[in-house]
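Take a look at the following structure, please.
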């Protein structure tokens, strides 16, 4: 029961992020929302790991955190108006 | 020396990831940690210039953790208050503060600590100056701003990393 | 100066070793847990990508120049093919000719870990080559000429 | 132990929700970045530490702690990179802001292209 409550609150937060992705007036707004969404998914995976009792959900969580960080850094560099390697 | 420290850290992280002391896995960990340290050997962080293994550093670091979490909790309650208040009480602005820290790693940790503590977000680091976005600018005096924003962590980080 | 700000560079210095370690973990445990050669190779390439974003392309290319990258790429593919072919000596193509070992230990499942390792080398180095090519050939000019009218540089 | 874990997870989930409310309600990119980064970082770290308390020190708990440390290191860095990038790409501050020292220094030539 309490797990359903956690999951629904997290899903509500995710919906708010998606609202910001859709409505954000500038590109950085959308990027922030995607970054935050990635961090929420990490929490989601950790809770799934408890419920299922398997540790590979935490592997997914670490990989997702890494991917979210890299995506944010790459988009930030793009926003600065510079190329991939300069 | 820094290569050895990184190797040790990588091996410890491997042991934590696998969470078993089976000899096969320990041997694989020795090899894998050596490989990943070898791949990044020329970009590692330098150790502190004087006496890197002095126990005082670690005691200060253990003191840093609860202080950091306390400020982080305060930051979250502050954000919750500002967000749930019906008319969103903010007075944002970007201010310029000065730091005495010299090494790259200590400036980085200071900037990250500032980002996670009440009402502040580091925008850029240029030389000795940090540009900080402050959600509630309460004073326009640079000295006062520096005292409020930086001095929470500067002393501790100076003891830990320099 | 190339690369990003001081904070991103320092965090990249701290984190990259552990990204490589994590990719090796995903590969080596590929036959026991989900994961395996392909995800491990992709995470390896992500570590290289973090280096490229934070320091510019010279730092990873100094570690692994383009020529050696293509050699390593071919070696990965060749290793996978050789493991498959060695199965022929005992019976048929892709036969798992090594001992199966005890389940859920690191050295088990015969040739699967070796296949995973060679796939990860192949995938990681291929993606590294893709990233290097994207960063080197960002502008395309026809040989010996000015950029044409309809292609205004990058 | 598992009760402490549940309490930590509940607090973390609520902080996540506050962060996302801030993402929706606050007026400009920098304020949204502040609220969202602080709240969601601490919220997710509390969820992960709560998971570690709930299961005890086994494979799940230790990986959760590693993940928490990784998020604590990288999340503020991403926020900083994003703030710098959006300031350099010319996104203005909210009109109720009280001064922008960074833009003044950039126009005055004190801040150059990366030092």
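Which chain is which? They are A, B, C and D, in the order written, and residues in each are numbered from 1.
Operating definition for what follows: contacts are C-beta pairs under 8 Å (C-beta built on N, C-alpha and C of every residue); 3 or more make two chains touch, one makes a residue touch a chain.
Nothing here was measured: the structure is a model prediction, and the numbers come from that model.
Shared contact partners of chain B and chain D, listed by label: C.
Counted by C-beta pairs in contact, the busier of A-C and C-D is A-C. For the pair chain A and chain C, the distance between mean C-alpha positions equals 25 Å. Taking each chain's centre as the average of its CA atoms, chain C and chain D sit 31 Å apart. Averaging C-alpha coordinates per chain places the centre of chain A 22 Å away from that of chain B. Between chain A and chain D the centroid-to-centroid distance comes to 11 Å (mean Cα coordinates, whole Å). In chain B, the residues touching two or more other chains are 13, 17, 111-112, 122, 124.
Of all residues in chain A, those that touch two or more other chains are 55, 59, 62, 66, 73, 76-77. Residue positions of chain D touching 2 or more other chains: 19, 21, 33, 37, 41, 43, 58-59, 63, 66, 70, 73-74, 77, 79-81, 84, 115.
The set of touching chain pairs reads A-C, A-D, B-C, B-D, C-D, using the touch definition from the header. For chain C in complex with chain D, the residues that touch the partner chain are 1, 3-5, 7-8, 11, 14-15, 18.
Chain D contributes residues 70, 73-74, 77, 80-81, 84, 114-115 to its touches with chain C in the complex.
Across the complex, chain B meets chain C through its residues 6, 9-10, 13-14, 17-18, 22, 24-25, 28, 32-33, 35-37, 39-40, 42-45, 104-105, 107-108, 111-112, 122, 124-125. For chain C in complex with chain B, the residues that touch the partner chain are 5-7, 9-14, 16-18, 20-22, 24-25, 28-29, 51, 55, 59, 62-63, 105-107. Of all residues in chain A, only 55-56, 59, 62-63, 66-67, 70, 73-74, 76-77, 83-86 touch chain C in the complex they form.
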